[in-house]
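Just below sit the structures, each encoded as structure tokens.
In the two complexes below, chain A is the common chain; its partner is chain B in one and chain C in the other.
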Partner chain A sequence: MANVDLKNLTKKYGDVIAVQNMDLNIPHNEFLVLVGPSGCGKSTTLRMIAGLEEITSGEIYIGDQLVNEKDPKDRNVSMVFQNYALYPHMTVKENLGFSLKIAKVDKKEIEQRVKEAVQILGLDELQKRKPSQLSGGQRQRVAMGRAIVRRPDAFLFDEPLSNLDAKLRTQMRTEIKKLHQKLQTTIIYVTHDQVEAMTLADRIIIMKDGYIEQIGSPIEVFNNPINVFVATFIGSPPMNILEAEIIKRDGKIYFELDQDVLMPCPESKASLLSQKNKVIIGIRSEDISPSNSNTSDEFWYFEKNIDLAEPLGTETQLFIKLKNKEIISRMYNPREIEIGEQINFAVNLNKIHIFDNETKKIIK
Partner chain B sequence: MKQIKKIGFWFLVLFILLLVCLPGIWIFVSAFRPNPEILSKPANWIPDRWTIFEFTQMFSIKGYVSVPAFKYLMNSIIISFFSTIIAITIGMMGGYAFARFNFKGKNKIFLGLMLARAVPGISLSLPLFILFAKLGIINTSIGVIIVYVAMNVPFTIWLTDGFFRQIPKEMSEVARTDGCTRFQAFWNIELPLAGPGIGAAAIFAFLLSWNEYALASVLTRTIESKTLPIGMMDYLDEFTINWAGMCAIAVVMIVPAIIITFMVQKHLVSGLTFGGVKG
Partner chain C sequence: MNRKFLSSPIILILPSILAIGFVIIIPLIFSFYTSFTSYKLTRPDSLYNFVGLRNYERLIDNVKFWKAFGRTILFLAIVLNLELLFGLGIALLINKITWGQRTLRTIMMFPMMFSPILVGFQWKYIFNDNIGLLNNFLYLFGYESAIPWLIGKKLAMGSIMAAEIWANTAIFSILLLAGLLGIPRDPIEAARVDGCNSWQVFKNITLPFLMPFIFIALTIRSLDVGRAYDIVHIMTGGGPAMRTELIWTMIARVGYKDANMGFANAMSYVSIILSIAFTYYFFTKLVAARRELGQQ
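Let's look at the complex of A and B:
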């Protein structure tokens, strides 16, 4: 039961920077997800909190205690690894009780706490089995159970679901979320899967090259990405990104998305762009959709031929090209689509994102 | 046709097997018959008269004493046992260090250890003899143990390094977040998992110490430290060779080695293949 604070945390491997000047305050009971492409430093951060990786500089506090010099065993955090790392020579029960045995906890107490974990995770019938006799999902559960019995101050998950198949992953995701509600503990969770990040997190941290790009609630980072990287990383399919020239005509500002394809700039943003010649436009696929009408002021309409259609049942993803770049649009009331068919699209102008073409940061 | 091929194949197997086992069989047979019969021509494969005379002699049952085999056996056991234990303890720790830690000159040190194995042992006999004589540990069990430990450690490191490498690093990491010290994680988790490899390394070390002749022949002089292979030479006189006695003492030497090897044979095979795939 504790908060975790990182102050100016830096990790270097020789000259290579893995994590740079990270400041982070994780309050008690928060479900925090670190997400980013591989090599962004998210796992390194987690391992530094666990004490498995030495810190180059900075400070780590767990429950207001400076733990920089403490061994992993004295930090009272539990870690769940991607490959589960169950002890192969012990039964499930022994695996669960191992940490308590090492801590010389009374046998009755061990029995009691293992029983609790077994019940929480539904491992009743598997207690006498060895890890090699378990399925992937069961192993994952045992790994979580092993973390639970210690009653740690914080749980650290390092891509715990990446080794599971898609269906099981969804199921375990829900279980982890339920577990968090039941245990009321701080959880720091590392993943490269943005769907996992969105569904689980109270707060998401998006990392890249050792830096924090953005911190915020899932909805916040989805709706208001602060730069192109976050915009394309969060959301599936990724946000459509287009470079556009700024064209002024009749006192109005337009974005040239393709030859003779001019999208008007929303009036609220116009004043920000007076000095600009070029910007990057981001439009989520759900904000470009086929439309029958073309009258609303909030929308901008254009016609385009379909390159490819991918029906998904609830929606169909339509692929079109602007300036030789593939753009994905979502059609929410799917019908049969023919390749090459010309369709009228509507873009929700209030939902477009405008980024600086040099700094790649949002303009607002 | 198929049948003939099969029979032919098995005859070939039998022939090769006989070829391989022949010296062993000859030793066993000869250990239980008197010397003249061994030297008879043409060779007599099945003894006319079985006897355990040489065994009773060397183990001084009924008061006969030819060669102090019991003392040699004890020397062999003590030297092999302790040199194995020490070599395994050091080698295992070394293997763990090479598998888990990064330190300066790691690859060079590893290469150096492997090169040390390439040096023919006999070429060290004279320097060792002089050194040990000056140190006053010539003709002692301790001296021989030191040499055998030095011979066994590089191989043990190489073999156990491969085994520790195959245990995922996360195993010890999770143990450490589970409340173990680094040593506890090693002792409770990694050591049991590397058990087969360490067992195999122990057998190799034991057999090498048990069979070694060249260095022991230089470093041991008397009944105080001579091992069985050296003791065998006691049957060599100026004008005669007691073949029966030699074969008998060879049997004393071979039997424990065979028993131990059979006991851990499973580990041996997995040890050789498992450790072998290390990158």
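Let's look at the complex of A and C:
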């Protein structure tokens, strides 16, 4: 039970920077998710915390203890690997009890703790099997059980669900969340899947090229992305991004989204844009939706022909084109859509995101 | 002509049947037959002198043969164990190296590239009590009296073993290195996080993964070492006073020097049992080790 602190953490492979000057405080009992595209340094960060990767510079504290020079075995963290990393020559029971056996824990105590883990994870009937006789989901459970029995200061998960099929992944996601509530321990979880990040995290860290792009709660990073990268990375389908010229007419500011398609700038943002000629506009698909009326002041309306429609049941995703870029809109009360049909769309002006076209950062 | 007999499947496998017949089966039957005769190389007509089981009966009472038999087992046991130990050590060290590994692997295999006869000669001159490198080297450090490496009662066997180990440890290293390179990284990292120090990782994770490779190497090498002849013949010729006589040097002596081929063949058939026993033992171990790892 402990907090984990990273101070100015850097990892270089030769000239290649994997993680750059990372500062992070992870309080006890937080479920922290590191998310980002492959190669962004998230796994390297996790492996540095575990002690499997040497640190180029900076400091790592686990429970207020500097662990830079400590071996993985002395850090009291548990890790769950992407490929499960079970010991193939040991039975499930032996796999679970291995770390305790190494730590020379009393046999009765081992028995007791393995039993607990087996019950929590529903592995009762599998105890005598070897890993090769288990399915992917069962192996993942054993890997988690192996982490649990140690009662570590922190759990480290390295893309634990990416080898499972979609259905099992959803199921295991729920189980991991429940597990966290039950165990009350710090969890650091690495994934490239933003849905996993959103559903599991107390706090999300979005990384790219070794840097932290944004830290915040799932709702925060979803509603207030700090730059274009975060905006497109979090949320599914990704946020629609459009480059727009700023046009001033009658003392008002408009964004030119396409030829003769002018979207008015919300008044609250107008003062920020006086120096700009060009911006990047981000609109989430749920904020562009088909509408029957065109009267509200909070909305801007435009008509467009449908390129493609993907019915998902609860909603239909409509594809239109603005400036030759594909834009996705969500229709929440689906009806049959014909390709080429002209539809009236409403954009919620309070929900649009305006980014600087050079720095790609939010303007606010 | 009988159509059935020369059907196309038979015609197609006939060349290989003939080849195997001429190369293996006929010599095998012939040599097995001669072990029941008093066949002497110098008297070809003795080939037809059938003596039944007499060669085998003589063998059972032959103390020299059973001593050589026992000595061969001892030789096998010590050489295989030491080669395994050294080979494993070298493989583990090379596996740790990140730069220059290929070059080192090549250098390591140099001893295997020399003819065993020449290795025998070279070691004979290293171990020579008079002009040998080793004794001269020891002399520099004050050992005045020459040590009789090749003619000492107890030393000769050890010297041969040293030469054998020098020449062939690389086979173990190469096979075990292949095994080490094939071990997945994850379980080892998991064990390190699980609290294992280097020795515990080796004992609990690396070694079980390596076991199949160890038994493959042992199987191959037990056959190899079991038929040791050249190195012994060159270095000591079985001496002093037959103290380094192994099965095959004895068989060669009886068969070619004494020209007593019938008796020599009887010895060969008994000693093959030894090879089969070792192979069978290691192979069952191999299967068990693979099953342990969940491989089939």
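Here is the rule we go by: the second predicted complex is superposed on the first by the 364 of 364 C-alpha atoms of A that agree within 3 Å, B and C clash if a C-alpha of one lies under 4 Å from a C-alpha of the other, contacts with A are read in each partner's own complex, and residues count from 1 in each chain.
Definition applied: a contact is a pair of C-beta atoms (placed from the backbone, for glycine too) under 8 Å apart; a residue touches a chain by one contact, two chains touch by 3 or more.
As the structure is a computational prediction, the values presented were derived from the model and not from experiment.
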**Request:** Quick one: on chain A, after the overlay, do chain B and chain C clash, or do they fit? Just give me the call.
**Result:** clash
**Prompt:** Counting only touches as set out at the top, which of chain B and chain C does A:Arg150 meet: first, second, both, neither?
**Reply:** both
**Asked** Is A:Tyr87 in contact with chain B, with chain C, with both, or with neither (first, second, both, neither)?
**Response** both
**Asked** Between chain B (first) and chain C (second), which does A:His28 come into contact with in this model arrangement: first, second, both, or neither?
**Response** neither
**Message:** With both complexes superposed on chain A, which partner does A:Lys361 reach: first (chain B), second (chain C), both or neither?
**Reply:** neither
**Message:** Tell me which touches more residues of chain A here: chain C or chain B.
**Reply:** C
**Asked** Taking the superposition as given, does A:Gln133 touch the first partner, chain B, the second, chain C, both, or neither?
**Response** second
**Request:** State whether A:Lys276 touches chain B only (first), chain C only (second), both chains, or neither.
**Result:** neither
**Request:** Go through the superposed model and pick first if A:Lys7 touches only chain B, second if only chain C, both, or neither.
**Result:** neither
**Set of chain A residues, in rising order, touched by both chain B and chain C** = 50-52, 71-73, 75, 77-79, 81, 83, 85, 87-89, 98-99, 102-103, 146, 150, 156
**Fill in**
Given the complex, residues on chain C that touch chain A span 184, 186-187, 189-197, 200, 204-205, 208-209, 292-295
**Request:** Would you pull the chain B residues touching chain A in the complex into a rising list?
**Result:** 168, 170-171, 173-181, 184, 188-189, 192-193
**Fill in**
In the complex, chain A touches chain B at residues 50-52, 71-73, 75, 77-79, 81, 83, 85, 87-89, 98-99, 102-103, 146, 150, 156
**Prompt:** For chain A, which residues count as touching chain C in their complex?
**Reply:** 50-52, 71-73, 75, 77-79, 81-89, 98-99, 102-103, 130-133, 146, 150, 156
